[in-house]
Amino acid sequence: MAELFSLSQAVARFVEDGDVVAMEGFTHLIPFAAGHEVIRQRRRDLTLVRMTPDILYDQLIGMGAARKLVFSWGGNPGVGSLHRMREAVERGWPVPLELDEHSHAAMANAYEAGAAGLPCAFFRGYRGTDLPRVNPNIKFVACPFTGEELAAIPSIRPDVAIIHAQKADREGNVLIEGIVGVQKEAVLAARRSIVTVEEIVDDLELKSPNAVVLPSWTVSAVVAAPGGARPSYAHGYYARDNAFYFAWDKISRDRNTFLEWMHANVTEARS
Amino acid sequence: MNYTTAEMMTVAAARALSNDDICFVGIGLPSAACNLARLTHAPEITLIYESGTIRTRPAVLPLSIGDGELCDTALATVSVPEMFRYWLQGGRITIGFLSGAQVDRFGNLNSTVIGDYHRPTVRLPGSGGATEIATSCGEIFIIMRQSKRSFVAELDFLTSLGHGRNGTERQASGVKTKGPTLLISDLCSMSSDPDTKEFVVHSLHPGVSREQVRENTGWEIRFAENVEETPPPNRMELEALRDLNARTAAAHGVTAAD
Amino acid sequence: MAELFSLSQAVARFVEDGDVVAMEGFTHLIPFAAGHEVIRQRRRDLTLVRMTPDILYDQLIGMGAARKLVFSWGGNPGVGSLHRMREAVERGWPVPLELDEHSHAAMANAYEAGAAGLPCAFFRGYRGTDLPRVNPNIKFVACPFTGEELAAIPSIRPDVAIIHAQKADREGNVLIEGIVGVQKEAVLAARRSIVTVEEIVDDLELKSPNAVVLPSWTVSAVVAAPGGARPSYAHGYYARDNAFYFAWDKISRDRNTFLEWMHANVTEARS
Amino acid sequence: MNYTTAEMMTVAAARALSNDDICFVGIGLPSAACNLARLTHAPEITLIYESGTIRTRPAVLPLSIGDGELCDTALATVSVPEMFRYWLQGGRITIGFLSGAQVDRFGNLNSTVIGDYHRPTVRLPGSGGATEIATSCGEIFIIMRQSKRSFVAELDFLTSLGHGRNGTERQASGVKTKGPTLLISDLCSMSSDPDTKEFVVHSLHPGVSREQVRENTGWEIRFAENVEETPPPNRMELEALRDLNARTAAAHGVTAAD
């Protein structure tokens, strides 16, 4: 059963040094508030998993929280590179970053397989490309009926999944709406999970019997964190702060500018 | 009307699409071309973004693949695992529209690294959806700015399979879809030779010389027997594209990258 | 792009003798009207696929339309046996019925794999049971990372899927709501598909961006067939006629009573 | 209050459930027991039906696994592939509640055929969800009417794995979940011996003799050292069950099968 926590309590209790952590969100509902709390609590040696690492992961990597990144597309969408991620990969600053790199199809299938309790995911992919040459986690298996070679990769089973959603009720049942990405799968695939929400309500007032819902007992901690996805957006609540995504390019180019910004806006800011 | 080479490229790409197409759309140049087609001659085209948005009709171009505008104007939005399993791998897409940092003569693409994979000179964003878009869609259109740095003889890394490094690997490895058939740049349009699978220039954009194309291609580029001149953008196309770009810039609170 | 058809036109055009046909519906939205039209048009040698064959398939089997049944649970839910199916299996009347029998998990995964364009489905199942001994379509494959043995069965790729849904718009986009079963997967897995709907509307008026929708181009024929799921039910339109399910037990026990009922209520009834 | 053996069975089964359980519920006896638990001592129990309905709270018992009542009163309804992949196989269910046509001493169940598979004497409905419920849920409770025909020494067909035909196959084949731990009939309650995995009678329902149990069991049934007497249904339990059955009969327009 999900319990209600403050953000600092939830991170203190459910995120440990060395954990495999998936903070998911596909442009939409990126859990910035929770990720910043992970930075404030100075977690180290994390393996960060995410299909589309963007600014939040750039911040975590630049602050030295991660030793490994599992991903399929890393960039500041529509703007350019992630300078902190590139510096960690290209120059090992502030700590070297190991990469476990996939395609979107592979990671989406690996989350799905994780949620489905399977040890690996099978899909039609990677044919004729170079990633299988550099990533030993990509194998091929023959269909026992047709002989067709299918790609296989280990399922994603994070120690902890962290997502942001629109709302939860007081029992801890969570509604996710709009571009739902792989957030439901990330939570179901993980051993522990933290869900920050825009608001906690008496009744989810679901408009469809087929709404995307995480029932209370699949979530470890529910945290009220209004605005917790900013500068990303929350469908029905607020829009994406595109100007900030452009601004990040300048902030993050230089180590010192980056550290100053993080100091002023994250580590010394109240959660 | 005057127009830029970027506008010519986007207009030429848009023209290649029709009402019946089901397009898997990447951010940036592909997204501009697909939406321009929808706003001009192909209002019924179905656009799908990998964020899960199906038959979306954005009024402004998304900055990111999962912008709210895509969901707000979509027929339906599905989860990302469903998008990649039922929609892309399920073979329901007629055209995948890709771009990349490097392309070779056989339409193979690199969006992973420049230099050695383990010690890259430039770490690019990576595959995203591209690897499986390249093999699961009915055919692939590529749109890229042309230069010797981007149109290369040998890719540093093969992220997305075109016809393979020798033009035959795609078929040999049992991939059933057509692969790259069209490449549109800011200089010209190329199509895949049915036999050799090599990209051949079939249309030069107005004012572009063969020499210019050669100078901006890293391999010995071939020209079709009859090379045409691409019709310049007409007024309707240019106005639609500029309106779209203006709306986009206003919505994102910044000047668009292009 | 889905075209609008009358029921008789749709069946005439898209259902052929010898086809593999999946008429799906999980208690809810069972496509009775379309199935009855298949009986009226006297299709033969069908391979009928359905997780939960119930009265509709009992009728098709009793009328001699099928030579094979792919299924995972065959019965009149809450009432008892399917007498026509049992007589076909046990005594070959009116024609022998071959069975390709699975578990629900297997069929649900096989539909999912069919929709996903895969040649087979992988799942954790069938361990220690007798079905793999009698069904050669069940195999086991080792996970290439952990060595765990997973079950594999061929994906379901019907020639034609037939389902009933709440509504379609004039472009042929379809909304399914409530207990959605495997209907979406059946349509996406099939070469051709017929969707009967309670009503055709100008605007689907979706209440959620994540509603279960079949876009127009995934459907071959859309047919207005109000009440087309009766005696099953349509969420938001009408309730299940449970009394008829009980009545069917008596109607179907005896060959002649069955044939008379079918004559009076299906073959001589207007579509 | 007087009560029937069927009522005793349902009440005994309901008592085995608690507020913290996440139950995968089959139609018929399991459904009655699970909902009785919910309507009495375990109002917060989570009930899941394979039709995709999660945390459902039906006011009447469903006639079929996909009745509208289940969806109308559920927290959420998912597709059937999702139900079997994310929820059942995903290991999110603590208790699977099964029944069958035959059970053996190791809790293996048959719901497929009586007689030879290819020339059956009786063709039963088949597995439905049972095969994977039996291995994916944390543990399995079985509820069945007891007779020599149903409690057999040797199953005609093994549809759902208990502890295997010799009591050791479950563990040997690497299945990690507990399997059958409790069997409740109209005569008694049995639990699985931790060592041999054989079902052992630990409680006789009021008025039932050991002899009666022996006569209705197809194998040499064992009794625990201390066999208790099942407490009879109390007034609250009986009233809740009868109200539920009455509402159900009225809703279905017929007399319920039980």
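Just so it is clear, A, B, C and D label the chains in written order, and each chain counts residues from 1 on its own.
One rule holds in what follows: a contact is a pair of C-beta atoms (placed from the backbone, for glycine too) under 8 Å apart; a residue touches a chain by one contact, two chains touch by 3 or more.
Just so it is clear, the structure is predicted and the values come from calculations on it, not from any experiment.
Visitor: Could you set chain A aside, keep the rest fixed, and say what connected groups are left?
Guide: one piece
Visitor: Counting C-beta pairs in contact, which chain pair has more, A-B or B-C?
Guide: A-B
Visitor: What is the distance in Å between the mean C-alpha positions of chain B and chain D?
Guide: Centre-to-centre distance between chain B and chain D: 57 Å.
Visitor: Between chain B and chain C, what's the gap in Å when you average each chain's C-alpha atoms?
Guide: About 40 Å, centre to centre.
Visitor: Go ahead and note the Å separation of the Cα centroids belonging to chain A and chain B.
Guide: Comparing mean C-alpha positions, chain B is 28 Å from chain A.
Visitor: Can you list every residue of chain A that touches 2 or more other chains, as numbers and ranges?
Guide: Residues 112, 116-118, 123-124, 148, 178, 180, 185, 209-212, 235.
Visitor: By residue number and range, which residues of chain D touch two or more other chains?
Guide: Chain D, residues with two or more chain partners: 71, 77, 85, 89, 136.
Visitor: Classify the chain contact graph as line, ring, star, complete or other.
Guide: Shape = other; not a path, cycle, star or full graph.
Visitor: Touching pairs of chains, all of them, please.
Guide: Chain pairs that touch: A-B, A-C, A-D, B-C, C-D.
Visitor: Could you pull out which chain B residues touch chain A in their complex?
Guide: Residue positions touching the partner: 27-28, 50-53, 62-68, 70-71, 77, 79-81, 83-85, 88-89, 112, 117-118, 120, 123, 125-132, 135-136, 157-161, 164, 169-170, 173-175, 251-254, 257.
Visitor: Going by the contact rule set out above, which residues of chain C touch chain D in the complex?
Guide: 26-28, 51-52, 71-75, 77-79, 81, 85-86, 89-90, 101-106, 108-109, 111-112, 123-131, 134, 148-149, 178-182, 184-185, 212, 233, 235, 239-240, 242-243, 245-246
Visitor: Going by the contact rule set out above, which residues of chain D touch chain A in the complex?
Guide: 20, 22, 46, 54-55, 71-72, 74-78, 85-86, 89-92, 136
Visitor: Any idea which chain A residues touch chain D in the complex?
Guide: Counting only chain A, the residues touching chain D are 1, 112, 115-118, 173, 185, 188, 206, 209-213, 215, 217-218.
Visitor: For chain A, which residues count as touching chain C in their complex?
Guide: 116-120, 122-124, 137, 139, 141, 143-146, 148, 150, 152, 154, 177-178, 180, 207-212, 235
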